[in-house]
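Working notes, structure below.
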């Protein structure tokens, strides 16, 4: 064997691997963003990236932080998968100049990533991760700006059932981390009512995400004769379910979870089917009454032509803002200091999605939920 | 009682889509003994092409050809272009690899599948596209208390027409005999004067064209398409073609319909969440007792 | 580091032995030159190398079409996750246990279908892989945590508070396991068992007519392959500290299939190169974002066009038998 | 060569009783009784489709007979699996050569030794001394068989790359490598040129002395049958229609009819004339 492929192979591998040396630190504050830029949630990832760019621009226009330091956003794609989630986190943690990280959409991707951030003691804030368990691990460096499944489940149990005075409730989820989590929390929240006998869960099953045909489970659902039907999955399946439900004669009101209804849903289902569909959701960008929201959305629309169609990118922008705010107020980039500050001294700080505060476990305090409905012009408005 | 009947129709509708796509797998496998993983993406590409024709050309087309005309134009455009794509893929991805045996061809097919899937994503974007819903008036019919839509009947009708015509071509015409002969034994068939390239040409144009038409039907029926749907439908259709006896055209049709009904039974009577587990268990049981699928002929090992 | 070249296997020319030592040296020294991120990439390269080696036994040596190997990988990972989080069994103790669990699962599941040929076996293994993944999602007996998976898995502990938790330690853990597997597999290749596997791949009827119990040897290949995949699952689970069904999709099985094919069926160096291609390619081309998979797909097609036999196909015939050549040469006609 | 007259009951190596194999409607083998005696060469002849290869496949365990039994050295091996039967000592070759194409000639021969080895997974991985000794023995047996068929110079070449005639001999060598008591050859001379056939006949007769082995073969080439067989059994349409010493069979009327079909007098006369050349 001539000086063969072995040596050649090793040489190439070493060269490729040593590309990752860190760059010289400029006088900027670097904040990382990790999100599904590619993969099945590429749409959410791209909107989050654009929102963080706008948030950074707004801060920099106002003179930056810590006396003039500019915010630099460093984006890493984690393709919406657990393994690449961990790799992306490792990449950001490895770059010493990254102060903290806005970390990612999708609970099962955020989990391995947050493990790495915790091990390397780096503040990371989730923006599209509602699984309750993420903040049950008493991590010191993990926070999230979005709400939790259980609070949305309680909202459904307390408010929605009373609004429709519904006795027979059908819950359908899509076996994803988010969808199943919300369905189980809602079932838990309804348990007291079920025990009291005031309501009855007549249908509880899952559909397979990515599929198109749901006539069969829907026929079962119709036979269960529910008075309210709560679907906790994503908007792609929600649109299919609503159109196929009307096909087979299901007339009870449709209520979606906070990922079920957006302008994509209205476009696919068509206005005549979408109107009258309800959704439990955190405040949508368009309904944010806060001045910070108006300013942010105006800048976003100016640059990208339309405002984000789901709440998650807005939470990403708020995550970046609160990191910048903490760095500015503490004057330090050390994660230990920042984590303590975020946990103890941040409450009621004005943000795009309303006043920001974190609980002891890192959850977002006081996330209001509204009941939205699609009006006959196809807009999503607050119905209550 | 009416529920079972209604569920049966639901099952058959899903099954007819699987059957039509499974035909593409079985034809290509029959002639080349190759699992054409890219076939699922032919189906998606056909659907997207139909979408583009119907959305952008709709004003022009419907005015000239009327509503049904628009659909037919979309179908032909998608079918013809997919026939071309099928040939290109065969020429570029399969022909050079094929002599090296069947396994490299599987990897090449997987490569072609990813390539096509991402090309669709790059061209049409990662977001879901919605078929124009006003195309087919969504009339609800109520036979007794069975809910069935006009679209469902149309789909079932169209699928059986397509399947019937393909069955007729393959089973009853001389060219069909040539295809079956090539499927049984390529070398002997070519010795008997059958032009193998013509058969391959036929298979790699008709298969993708059929897939494209199915893609448009799915787009019309569900009104929502995504660039990854080819992967799910392809996997199910391939399962159906093996269930029916891979390489066997009637087998693919039967396999598809049975798979649809099995899914219906799983979802309706077990649980929608466990439906696919149920389907794959049945498939494995069938193959344990009939190792070459339902209609697959028993290949006695010639020692 | 005991010498990689065990005595008695085929005599390797000195230049080849030098090259192997260079490679080992490079792999040992590598973590000191790279940042944590690139060490982690090399770690996942190691995981795919181990998975490639495990599938190579079934697909490369015996020629059985297995497109559901991710099922065994998942069984290993979940056995580790569940037993560690529920009963606190240390990870390194779970290493052999998860290998055993995957092997047992393979034995039970493959026995009734082992007689299937070619594409029918392919679809059955595909079905089994999907059944495993879907069962994990549907959370039977509330064990697998459904789509959220299982979280809070510990790090492998060496006892006395010593943990494997840094990237470098995980890197060495996986690559020592890969090295030992390679050692074992090379010896198997040159043993009566390895030959029996290849006889089955070449001609099943002739193999059984020459005394090879085809059914048992096929099962042995599946069981051994599953065990190795189970080990990969164990290390993967403890590295990520959580497991979820998304990591064990049909696409993972396709990647393993491609690793063996692109590398070269039955060729251990080939599988390593195949694993490098499959694991590094998407990472290196990450900046291409949308076009990454486009390039990946075309690379697979081109690879099969120019190297259908694989990047480094197994060279047969390099088998010199000193003991025979030494025997008094008998000239023959 | 065993004394043809004294084919006594004692030294029967292989015996089939009322052997019957049915494929769908066709009775390929119909109540065949066959006796092969130690140290003899028995040829099984008959027109194509007479069921000869089917008998071989039943004897070697590839097919299970519907009726009847197969005894080897007195032991009933009916329905046993092929890999068991070869370990009892019945090695076979195939009508169309079934070697291991992409493996070296030496590795092909080593297959024969497979059933003689015991090394399991553990001993192979940890290379126990027993396993190493066994490997050396396997290699030596394979090498000696390769020398025996004079193909040692191809030991490192792939089986698919050597000449057709050599492949025939390689397959016989592989069968011999399992040190069988009974060698079952399915048309070993088909496709060989006259010189190779001559060598084969010489080789087979030589085998009887050197290797203390019994040979059962299917053959179409009459001068091979006449040349080396101690006993001949004739089959037609699944039935045994005659058996005896080669000379008797050669002139047996029913055999001639089986081969040449029933035709008019002068055809037969012409045939008979050729016998006294």
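The letters A, B, C and D name the chains in turn, as written, and every chain counts its residues from 1.
Convention: a contact is a pair of C-beta atoms (placed from the backbone, for glycine too) under 8 Å apart; a residue touches a chain by one contact, two chains touch by 3 or more.
All values derive from a computational prediction rather than experimental measurement.
Traced through touching neighbours, the fewest hops from chain A to chain C number 1. Among the remaining chains, A is positioned farthest from chain D, on the basis of C-alpha centroids. Two chain pairs, A-B and C-D, are compared here, and C-D has more C-beta pairs in contact (counted per touch definition above). Chain centres here are Cα averages; for chain A and chain D they lie 74 Å apart. Rounded to whole angstrom, the centroid-to-centroid distance between chain A and chain B, based on C-alpha atoms, equals 36 Å.
Note: centroid distance chain B to chain D, computed from Cα atoms, is 50 Å. Separating the centre of chain C from that of chain D, both taken as means of CA atoms, is a distance of 42 Å. The set of chain C residues that touch two or more partner chains comprises 137-138, 205, 290, 293. Residue positions of chain B with contacts to 2 or more other chains are 273, 276, 303.
Looking at chain D, one finds that residues 62, 94 touch two or more other chains.
Across the complex, chain A is touched by residues 13, 15-16, 19-20, 22-23, 26, 30, 33-38, 40-42, 44, 137-138, 146-149, 151-152, 165, 167, 239-244, 246-247, 269, 273, 276, 280, 283-284, 286, 289-290, 292-293, 312 of chain C. Residues of chain A touching chain B in their complex: 40, 42-43, 175, 205-208, 210-217, 219-220, 223, 236, 239-240, 243, 247-249, 264, 267-268, 270.
By the touch criterion stated above, chain D contacts chain C in their complex at residues 60, 62, 81-83, 86-87, 91-92, 94, 98-104, 106-107, 110-112, 114-117, 119-121, 124-125, 127, 131-132, 134-136, 138-140, 143, 147, 150-153, 156-158, 174, 178.
Here chain C touches chain D in the complex through residues 6-9, 184, 187-188, 191-196, 198-199, 202-203, 205-214, 220, 224, 316-317, 319, 321, 323-324, 327, 330, 332-333, going by the rule given at the top. The touching residues of chain A, when paired with chain C in their complex, are 1, 4-7, 9-10, 13-14, 16-18, 20-22, 37-38, 42, 77, 81-83, 86-87, 90-91, 93-94, 107-108, 111-112, 115, 119, 131, 133, 137, 175-177, 179-181, 206.
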